[in-house]
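Should a chain be cited, it is by its letter among A, B, C, D, E and F, assigned in written order, with residues numbered from 1 in that chain.
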Amino acid sequence: MDEGIVVKKIRRAAPEVVEGLQQAGVATVHEAGATGLLSSVIKPIQQGTRIAGSAVTVSCAPGDNIMIHAAVEVIEPGDVLVVANTSQSDHGMFGELLAVSVTSRRCRGLVIDGGVRDVADLRSMGFPVWARSIHAAGTSKNKAGSVNTPIVCAGVAVSPGDVVVADDDGVVVVKRERATEVLEAAERRLLKEEETRVRLSAGELGLDLYGFRARLEGLGVRWVDSTDK
Amino acid sequence: MDEGIVVKKIRRAAPEVVEGLQQAGVATVHEAGATGLLSSVIKPIQQGTRIAGSAVTVSCAPGDNIMIHAAVEVIEPGDVLVVANTSQSDHGMFGELLAVSVTSRRCRGLVIDGGVRDVADLRSMGFPVWARSIHAAGTSKNKAGSVNTPIVCAGVAVSPGDVVVADDDGVVVVKRERATEVLEAAERRLLKEEETRVRLSAGELGLDLYGFRARLEGLGVRWVDSTDK
Amino acid sequence: MDEGIVVKKIRRAAPEVVEGLQQAGVATVHEAGATGLLSSVIKPIQQGTRIAGSAVTVSCAPGDNIMIHAAVEVIEPGDVLVVANTSQSDHGMFGELLAVSVTSRRCRGLVIDGGVRDVADLRSMGFPVWARSIHAAGTSKNKAGSVNTPIVCAGVAVSPGDVVVADDDGVVVVKRERATEVLEAAERRLLKEEETRVRLSAGELGLDLYGFRARLEGLGVRWVDSTDK
Amino acid sequence: MDEGIVVKKIRRAAPEVVEGLQQAGVATVHEAGATGLLSSVIKPIQQGTRIAGSAVTVSCAPGDNIMIHAAVEVIEPGDVLVVANTSQSDHGMFGELLAVSVTSRRCRGLVIDGGVRDVADLRSMGFPVWARSIHAAGTSKNKAGSVNTPIVCAGVAVSPGDVVVADDDGVVVVKRERATEVLEAAERRLLKEEETRVRLSAGELGLDLYGFRARLEGLGVRWVDSTDK
Amino acid sequence: MDEGIVVKKIRRAAPEVVEGLQQAGVATVHEAGATGLLSSVIKPIQQGTRIAGSAVTVSCAPGDNIMIHAAVEVIEPGDVLVVANTSQSDHGMFGELLAVSVTSRRCRGLVIDGGVRDVADLRSMGFPVWARSIHAAGTSKNKAGSVNTPIVCAGVAVSPGDVVVADDDGVVVVKRERATEVLEAAERRLLKEEETRVRLSAGELGLDLYGFRARLEGLGVRWVDSTDK
Amino acid sequence: MDEGIVVKKIRRAAPEVVEGLQQAGVATVHEAGATGLLSSVIKPIQQGTRIAGSAVTVSCAPGDNIMIHAAVEVIEPGDVLVVANTSQSDHGMFGELLAVSVTSRRCRGLVIDGGVRDVADLRSMGFPVWARSIHAAGTSKNKAGSVNTPIVCAGVAVSPGDVVVADDDGVVVVKRERATEVLEAAERRLLKEEETRVRLSAGELGLDLYGFRARLEGLGVRWVDSTDK
């Protein structure tokens, strides 16, 4: 029962695809067909940062972070650590020293369904984190888990090598196999939104632009001048 | 069951009353007699912003934002959108494109018992938002609802045209009919607080200033030097 | 049943011990043996601030803040107000006027298992606060409670004079009697962390540095090259 | 600010309409067009009980139940007490003695966005309750509020005389003016469900009975034999 | 840091006092002056059971129940186990085998700010439990803690030997030193309630019985016939 | 984006394995090595029922239950429906009519990370349900999803054909491929527990039986007679 594995080599999406998804951002990528939106309980500890990278997945026992140490060795530049607990925990499983360690391997950030600490240091280092909670409670380092096996993080199934996109809106995970397809859909969407933005900005109504007026009439919605008596 | 109405014309409070309530801020307006304090689950997505305006109310089906599009048309300069779902939802019902659209009509901000997204854009545009959650989950656009009818938002009954005041302390709603009266009470309160501030700042005790020492004695509270043994 | 006491004189830890614990910060102090970590529901209303001070404890009836007024009189420079409610409440029990009052006595900050308001003012004054919620709901001033008696705040037993350390990671309380011992442990820890930081920063792995590789093998964890088929 | 009113006479729906809505139950009444479904945080303290009655509304200050005492006087046989707090509270505002008192006036039950206590007694008396929480925390009796004015209870606007239906599924409120119309829709629905039940029970599929198979095909859903490899 | 103690002998309240407090029940004991009401997140797993006993306190690391095993040895007939975690956990720390073990020592029940499992067995054995959650997640047995030292359980400071009263309303803890005094107040209260019950049952109004009518008038509450227009 | 699939044929575990796991129950199966314990937010709506069966998985859009109708057709006797929403929802997605329908196909029960309604009917029919909430809010029937594809339900990855065990302790999911192995471990565990039960029941201490006394001494725990002064 105490066993686990650390998988050293994983497949990753092409860097230009990861880059493209980062440009698009969480909301657009999600709309473009990626269904892997993490629960809104996972929040950024900083503002104004957007990252994307390949998931190195970590499965920990609650309150124990030894497997994050095991994961450091397999991180490659451009990866994002994605950490789940086998049951809910808000212990501070990741702090400044681990951030120093993963930064030396050019890890792009951390997504954790758990707690972090030393957040003042993490912010001043510019190491981006999305977490369930901020809590200083310490952790043991003696329970087996796994690295780079499929996990469930904040309600989403994540496989190693999936593309993680994270910004102020939260975190979305794109299956590696679908990353190119999702990127193309996202780019089409961005083009279309640019045109829409110009028209809305000029005062055109969404009601007319999208044809919603007719749709609402079809649903029985009526426009009345006033309900004052 | 799919029916609803969009009310085009509503009564609004006088601009100078709205302005006065904005000056007073949420805490003072609430103390001055406005009972319509929204639940603390509604939080600002920015810091240091205070707005006031007339409520344009929107009632949406959960996970569907078509009625927000319908509401844009009836917004007048100085209005604040107040959006409720008919059952709880944290879908991101409002994002950057809608913000562009309502900004073109000089809407002052959004209060929503639901989710928003594109928050990095909303912050950089300076469009003020108070919301239940930040979440990128998309929405359908095919369920009827209403605009400018009475709603319940985060525990408070809001009628179209009521005055909404929002700042870092949250959101309070003042009935349009009582707005002038509440403003006057708020201004009296501000005057009195100014005097109190000077005295407290000089080191005078609230115990003496407010007469609380005698009240506490009446309640049986005793002062003792020490409980060390 | 309405009775309570206000204890005027309490023992405090030596200023240099308090100062040392502030330098160490919440996470290090907690790891160094202080078990009094408050629940993560208590959050800072500002970023980047770290304080430490001697606890002046206040026990209030929910929704009533008269005892905070009673506490002001017994605050000495360097103290931190620690406020608990006898049952859960998120009323805004502390705002700008109380902050002005306690600042005139050189209080270092507030930790409250309850609500605060006027947070824009508190932030611009630079008065540090850790609270359960931000809410403008007002309070009565007519229920007895106590000052400087033992309380439970956010799950932690706090005695007057205990050392409170608070920063972006939350709040930890160190028993006054143990403050020196905890400080020494914290300082040893900081020294050791400094060395570790240098080595991790240079790319050394925690797996090797801490001897975790052998420990994981002992737990049955295996390293595999790949699970691709 | 401490003022309030007690309204002695209210309009009620016809007894046979109330009775019909009780027969239909919460889920059917809600589907039949009543939009006033209370949040699922309001739960029954008993199982297997269904009631309906006319709402006597009570607005209390949090932690104070004096207005429930004021409400007793205006209860008529067949009424249901509907209690809201002006801000969230889980104090036990209603217990066995109040149940004895309202039972003597043939009140049918209690719906409360707050706490209750003496629940063992309430259950053995057979007095039905739907509440936010069970908690023994006591209450003061010195804060003004109102009886039989419009309130918001668990997210729903309730006017005095509205019809409250409550059972194991929760609580729904039907506007008095719409009660007859909703009852008729509910009865049509019950008839139709009876026929559906017979067919489903015989093994007919909802896919066919409701025409969902074609609808799903229209949405692009495909049926495949197996995904085993 | 891994150290702890097990205290073998504690002082207990007199059996007749414990018995009297059990007769009074949680709500009455709480009203009679015991301030130690546990948070309403601690709920009974059964209905209709009321117990009282002397607290044997246990402090566990989250997710580890070895200290409960240590506690069994010091339980005496009539004791109640009161278990807290040093940080929040909902692991199932107590199940049927532990219940068998403590029952052999005539333990009266369990109060735990944590999780339990095997609840079907616990119910059929008639072993009473009040817990934060029901969850099957297993526990380790290798972290030090303490038995019979002061703890904080669900927001309340509990010392070994304090009297625990628990029923369908929740759990209240009475300081051992105050148990006799609280019992006397509870008994006075019960006598008074009996008289009140008779009068309310006969239809007398609380408004008159308690003198609340005058009090409400003093608060500015007005009675009006109707608000219909 | 509206597409999905319905997989008609899935592999199932052998009936005797399913039966064996049901005998063992949730807590024992979980301890025996099944890691798939659902979050404790999923609770039974009845007491004293234990089931096991093969998972028919359903992925629904929040607030839409058309895919449950699609799932009915592929249910075989002995299956358990396992339903997840693509984002959190507490709409009542399953009620009495669906229960009639699936019962006609000898479905053993429902596990749903969402809401149910008609619970009085479900209980009197004896149809077992484990759900996130009870809520009467209705659902649309027009959003595509999938049946018998891998899903995440309440934090656990579930594949079609996995064995679901559910009782008063919650729900655990055993991977189909590991079901036999887990059953064997569970049976060994049950045998061992039987022996332990006899010894504990006779008054033997877990401290001695499991060798915990030495372990605690190794952790530095000390036994003291008393801490009274």
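Going forward, a residue touches a chain if its C-beta (ideal position, glycine included) is under 8 Å from a C-beta of that chain, and two chains touch if they have at least 3 such contacts.
Because the structure is predicted, anything quoted here is derived from the model rather than measured.
Over half of the residue-numbered contact pairs of B-D are shared by just one pair in A-F, E-F or A-E, which is A-F.
Each chain gets one centre point, the mean of its Cα atoms, and the points for subunit D and subunit E are 30 Å apart.
The geometric centre of subunit B is 40 Å away from that of subunit E, both derived from CA atoms.
Subunit B and subunit F, compared by their mean Cα positions, are separated by 42 Å.
With touch defined as above, residues shared between interfaces to two or more other chains in subunit D number as follows: 37, 87-88, 90, 135, 137, 143. Applying the touch criterion to all chain pairs gives A-B, A-C, A-E, A-F, B-C, B-D, B-F, C-D, C-E, D-E, D-F, E-F.
In the complex of the two chains, the subunit E residues touching subunit D come out as 25-27, 30-31, 37, 40, 43, 47-48, 50, 167-170, 172, 193, 196-197, 200-203, 205-207, 210, 212, 215-216, 219-228.
Remark: subunit A residues 2-11, 66, 69-70, 72-73, 90, 92, 95-98, 100-101, 103-105, 115, 117-120, 123, 133-138, 141-146, 148-149 touch subunit C in the complex. Chain contact summary for the complex, subunit F toward subunit B: residues 62-63, 87-91, 135, 137, 140, 143.
The part of subunit A that touches subunit F in the complex is made up of residues 1, 33, 35, 37, 39, 86-88, 150, 152, 155-157.
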